Amino acid sequence: MTTYPQRHADLPPPSARTAGLGWLRKNLFDSPLNCALTLLSLYLLYLVVPPVVEWALIKADWRGASSEACSRVGACWPFIRVHLNQFMYGFYPVAQQWRVNLAIVLLGALIAPLFFRRFALKSWLGAVILLVYPVIAFHLLVGGRFGLSHVETSKWGGLSLTLVIAIVGMVAALPLGIVLALGRRATNMPILKALCVAFIELVRGVPLITVLFMSSVMLPFFLPEGLNFDKLLRALIGVALFASAYMAEVVRGGLQGIPKAQFEAAAALGLGFWKSTALVILPQALRLVIPGIVNTFIGLFKDTSLVLIIGLFDLLGSTQAANADTNWLGFSTEGYVFAGCIYWAFCFSMSRYSQWLEKRLQAGQRH
Amino acid sequence: MAQTKEPPEAAPARPLPWNDPRVRAIVLQVLVIAGVIALAVYLVRNLMHNLEVRGISTGFGFLSNRAGFAINQSLIPYSEETSTYGRTFVVGLLNTLLVSGLGIVCSTILGFIIGVARLSRNWLVAKLASAYIETFRNLPLLVQILFWYFAVFLNLPPPGEALHIGDSFFLTLRGLYLPRPVAQAGFGWTVLAFVAAMVASIVLVWWSRHRRDRTGKRFPAYLASTGLLLSVPLVAFVLTGRPLQWVKPELAGFNFVGGVDVIPELAALLLSLSIYTAAFIAETVRAGILSVSPGQTEAAYALGLRPRWTLRLVIIPQAMRVTIPPLTSQYLNLTKNSSLATAIGYPDLVSLFAGTTLNQTGQAVEVMSMTMAVYLVISLVISMFMNWFNARMALVER
Amino acid sequence: MNAVHAVDPAANAASAGPAMVELRGVHKWYDRFHVLKDINLSVAKGERIVICGPSGSGKSTLIRCINRLEEHQRGRIIVDGVELTSDVKNIEKVRCEVGIVFQQFNLFPHLTVLENCVLAPMWVRKTPRKAAEQAAMEYLERVRIPEQAKKYPGQLSGGQQQRVAIARSLCMRPKIMLFDEPTSALDPEMIKEVLDVMVELARSGMTMLCVTHEMGFAKTVANRVIFMDGGEIIEENEPEAFFTRPQHDRTKLFLSQILNQ
Amino acid sequence: GATFEAVKKKGFVQCGVNVGLPGFSVADEKGVWKGLDVDVCRAIAAAVFGDASKVKFTPLTAKERFTALQSGEVDVLSRNTTWTVTREGGLGIAFTGITYIDGQGFLVKKKLGVKSALKLDGATVCVGSGTTTELNLADYFALHKMKFKAVVYDTSDETEKGFAAGRCDVLTSDQSQLYALRLKLADPDGAVVLPEVISKEPLGPAVRQGDQEWFNVVRWSLFAMLDAEELGVSSENVDQMKQSKNPDIKRLLGVEVIKHGLGLPDDWAYKIVKQVGNYGEIFERNVGSGSPLKISRGQNALWTKGGLQYAPPIR
Amino acid sequence: MNAVHAVDPAANAASAGPAMVELRGVHKWYDRFHVLKDINLSVAKGERIVICGPSGSGKSTLIRCINRLEEHQRGRIIVDGVELTSDVKNIEKVRCEVGIVFQQFNLFPHLTVLENCVLAPMWVRKTPRKAAEQAAMEYLERVRIPEQAKKYPGQLSGGQQQRVAIARSLCMRPKIMLFDEPTSALDPEMIKEVLDVMVELARSGMTMLCVTHEMGFAKTVANRVIFMDGGEIIEENEPEAFFTRPQHDRTKLFLSQILNQ
């Protein structure tokens, strides 16, 4: 029989091997294979980083107002500065650009509180963003009322157009996607289900640019003569339909993640189909798939660049227009790099946000 | 258990029709289908009317008309003097299939490498892999395509100053030129030797597996058969007096002639599609590997299996199950994204058929419906194949 | 010897009133599988019935048929004078009168305890929020967890969750309560909490049908115990007689098993 | 007709133009469209609404243009489009006249040392997709038993970029565009336009078939500009010219009312000339001496000056 | 008072041989968390040791250190004469001699039961398939499920799966078997199936270290019971004495809890 009366105190771990050289050894050189991989990676970095830094920073030109100011050995950033207005607003009249800014600031101000966990009026604010804000933004951007001059959609462009398409697409795709997903799960209504499946699969099966082509130049074929509507609106519809098919699949995943027992519990309380769906099922299902939704948004945001192909001058379109500027020929790389950086910044922050959400949701915390 | 049972009653009474969910379902569906049909009829009638009023010819007769324009890259014989619009459709389709097929292969390989690299113990490798993923996943594909094409490939040297390896391989902004092999008499022997080596290696693999089962001894069958496949034809080739002529590309006039060339449009499209999709595949692969519970690895290690075998025998077969469905969507996306070829003039289906041909013939409805149908069919075929593959990998459950 | 109507005085007294739940020759199939075979059962107002039987004998199915979570294919089920057919209006009416508590609680995880409780009164009964919340707090007090009202279900223990589920059902002021093994997913200490609440509910005169293997509970509160096997009601008796003098061999075997446990 | 009615109802003309072709249609950094094709659209708006600004532009790539016109996406296509029989017969569109007489030519880099198109055997050629240019190119090389490789781009901008980067040896396009594209090169003097003109390219605005009234409006808007030039009426002198005794001018400017039956106001031609100018003015302003392109009138001179531009009289 | 070797006769007999497992002053940290503190333990050939203790006391960690699924940072672990260092060869050698059965079975779900059993013998021991399968069938018979050989793990009940896991370990003919709460993920009826197999294994003279709270099992087969708390071995005794006369307060408290259950 043995007992061990004395209790050991917790000791600190043995000599921290995890700093400096120790860290290097442990993380980079702990086996021959790893050594090789490390050296290869270093070589790759050597190939890529110095030339890029040299081009973009060291040998770049920063000042000047015309193409003569650029030596062409490095990047020519004045090109971006001169065209910045075009990149941001397209052909939106300079005097009216405050309206675009205001719309964006307003949106930012509305969204910001959503990021705070303990903000009580979240659902009200959400409703305002989804229902009221679009009306405000529409009048602000289009004008023609309240003493604002009318700005045609064909003048919209640049980053602001990209944002408009992306945001409208997101806002429209979510409810559409929910309807489609519910339709796809309506097993007791085979025809309805088949229609939803057909729509989803059809739209997901064809490239977005064919959808855009259809909506931009072929749509009037299908309408009575003289009936016509704004080209931007049609692009928006095309983008929204496309995104809604993807959204439907995401939402369906969420619906599948809700146990049948939740339906039963709601039904047993006397809630009908629509009430239990709206009050019990959807809130849970959507929360479950927030990361998927954000990912769809990222895809949507990137896909907006395709409207270039139907002649809308979004951010990328403006870049190309600027590339064609006779006074500034040969700086397309700078243009693409700049546009790429902006797209990247938006997508990257969204994807980080989605990862953060995923972690938070996984942690199982509620509110 | 005799008991005073009431006479068994028939089915429960029928409710009022408007309270019966079945009736409701039918009515709703009839309404929806009627709405959809009405909409379809309305659209189609407008279409017919508009086409007629505007004097646009309809029908698929145009497919047999002569096309009369040149195509940059064609996998089947095509001549601008004789070929028809129907043929441009096939050429475009094949080009689309070529770039998507190659893209799928390249992005899968690259994606698996990056995905595994992101899980590497080597800090630098893992960070580089994440940087790769974050960079390429968050940039629109169109930007990437335009960048690679205009900013990279078109900045290669012109034919006169081609980068070259010896006098056989040339890289210029007009493409990569490789020697073209032309078989001489007697080359049949080499082919025959190759076939023989193939048969031999199949036998070898079978034999080694059999022997492993019988005696537990292992034999590096794959290595050996690779050796066979390379050496036997080579020996035959040399013995029969090297009956193969290489037509080397040569700079004649404006361009290199002879040889095989890979046009930069294909290269740029393929590169950007592969790089872009690989970033997504890498994430898929990583998720697949992470989805296999660490208990599986521990169990395998505890049995004395080496890490390499654990990966091959235990982890990957299980990771595939999680990986395949998202992988399928990536393949579908890649195929659809290949339609962005139109931005840089690679003659794919959209650019060639839904572009030039549509413009020459003006038959938008026919051309666009054919194009979309083709994409749908390709998507369905890929899905079906992957579903079949997935079903084979699926776990047997109780 | 089947379907002997309850003989003890208490039960008799109860069954004098009109039947709250009446099943006549009910049959049910899952596909080709015959789960309920000619079930006849009449529950009077205020009666407390415990249903037991081996796993798979159809107890849950029976309970779930009563508020139409499952559809029966033959026979009639009449609840509080309303016959259950596929008529949605009737179904809704019945579901308002019948509360059910599941084995797995099935609380709505995205709503607080209080929100769980007021959801149905507000949306189905159209009670104003104030009133609904007041009522909910009363019921939460009755199940002895008023202090948890603002928490989310995920933050409660199993026993607390099950009590919330009971309170949630009660908030609809049902005339009948159904329980489907309400304690079998709980840890032993929590079982008692929940049973206490149920006993109290029984005392207040609620009509109850309860699937449970807690024989102590059955002995304390039941007017009648029903034993099911293979989709049939095999035996039916007042608890005393049921436990001490089971008639049927199958029942004896079953009782020997669970009482030995 | 339906189109004309629809145009009047919506209050502006929807005009399809090139996404970007200097001299013919380009949007400047403020988004204002400029060019010969664009001015034709303005003239139509001036005729119909008396206001040259009542026009909206839809930039179209070569591939989209006919579908856009056919479908009704645009009311008139004024986008350096060649008038051919298949287009008029098969696509359900009608050309209303010729705004620019062009011919296809080749642009090569000087350092290549090529002086004639017949020396282009084996060359790689950059060309815009879905154009007659693409077809003429194939025909020309086949006729002269030469080989070539075509690199086909969507927009003229890309075509130019491809050529500038050296993707091809030759750029082929309508002569007018060649000058414009040459201008876009970093070193315009490093490239030359070869002398051969391998095709007839009458460029003009097109409308959908089936609306004769609208067709007439578009056609006569163009003719009015030509007639104005022939009669010496320009945007500067148009108000004085109203006093002119010349019956042709009086009829043109609506001083003497004639029953033209176009469904346009009497002073429609006056509005065109006043707000947009006569043909000579818009030519010089956009592509001629007043522009960086500096294209000479050549065949586009009036028939009275030895050119081919000829308009029926307004009477 | 440390590391006193087992004193009861049975254990003595066993410990006459060389120590199969020897831990000397073993320490382990997870980051800054000190999870094993100065563990000293020597297990003789044929000895059967049961380890118990509250949750989080480091039992699993200890077991897993023995076949190097976890790395210890201080002290020495010697298994069958081989010291565990970061030398891969040694680790492989040890792992071939030591079988482990996890709480969660960890069968390979994509392989049949038989394939699960022959995988390691074929790849590690290079046994011919025929022989490996024969051996596997023998072990499957020993754990009484030869008829399940062609099924996939997903098709088996928990108890059957755990028995497959035992058979799979045995197929490597280990000298030492480690069990980490092998029955705690099982339903009560299945626990017995698995314990029976383990008792039989113990009878056949296998050296075993078993983390379990099945005190019946401990009483039946163990030579020694080890009680751990807070990463330390608190008490160590032969089972009889351990259960009837626990010395340490912590042990008493723990025993009172689990025996009352």
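The letters A, B, C, D and E name the chains in turn, as written, and every chain counts its residues from 1.
The working rule: a contact is a pair of C-beta atoms (placed from the backbone, for glycine too) under 8 Å apart; a residue touches a chain by one contact, two chains touch by 3 or more.
As the structure is a computational prediction, the values presented were derived from the model and not from experiment.
Participant: Could you tell me the distance, in whole angstrom, between the mean C-alpha positions of chain A and chain E?
Facilitator: One centre to the other, that is 52 Å.
Participant: If you average the CA atoms of chain A and of chain C, how many Å lie between those two points?
Facilitator: Computed from C-alpha means, the inter-chain centre distance equals 49 Å.
Participant: Find the geometric centre of each of chain A and chain D from their Cα atoms only, then give the gap between the two centres in Å, rounded to an integer.
Facilitator: 41
Participant: On a C-alpha centroid basis, what's the spacing between chain B and chain D, in Å?
Facilitator: Spacing between the chain centres: roughly 43 Å.
Participant: At least two partner chains per residue is the criterion; list those residues in chain D.
Facilitator: Only 2, 64, 67, 70-72, 161 qualify.
Participant: Quick check on chain C: which residues sit in contact with 2+ other chains?
Facilitator: Answer for chain C, listing residues that touch two or more other chains: 88.
Participant: By the touch rule stated above, which residues of chain B touch at least two different other chains?
Facilitator: Correct list: 21-22, 50-51, 53, 150, 342-343, 364.
Participant: What topology does the chain touch graph have (line, ring, star, complete, other)?
Facilitator: Shape = other; not a path, cycle, star or full graph.
Participant: What pairs of chains are touching here?
Facilitator: Applying the touch rule to all chain pairs gives A-B, A-C, A-D, A-E, B-C, B-D, B-E.
Participant: Quick one: in the complex, what on chain A touches chain D?
Facilitator: Touching chain D from chain A are residues 83, 86, 90-91, 93-94, 152, 154-155, 157, 213, 216-221, 223, 225-226, 228, 231, 310-311, 320-321, 323-326, 329-330, 332.
Participant: Provide the residue numbers of chain D that touch chain A in the complex, in ascending order.
Facilitator: 2-3, 5-6, 9-10, 19-20, 22, 27, 29-31, 56-61, 64, 67-68, 70-73, 157, 161, 164, 183-186, 292
Participant: Any idea which chain C residues touch chain A in the complex?
Facilitator: Within the complex, chain C touches chain A at residues 67, 69, 88, 92, 95-96, 98-100, 102, 104, 106-110, 119-120, 123-124, 152, 154-155, 168-169, 172.
Participant: What part of chain B is in contact with chain D in the complex they form?
Facilitator: On the chain B side, the touching residues are 50-51, 53-57, 68-72, 80-81, 150, 154-155, 158, 173-174, 252-255, 257, 264-265, 342-345, 347, 351, 355-356, 358-362, 364.
Participant: Taking the complex as given, what residues does chain A use to touch chain C?
Facilitator: It comes out as residues 261-262, 264-272, 275, 279-280, 283-284, 287, 364, 366-367.
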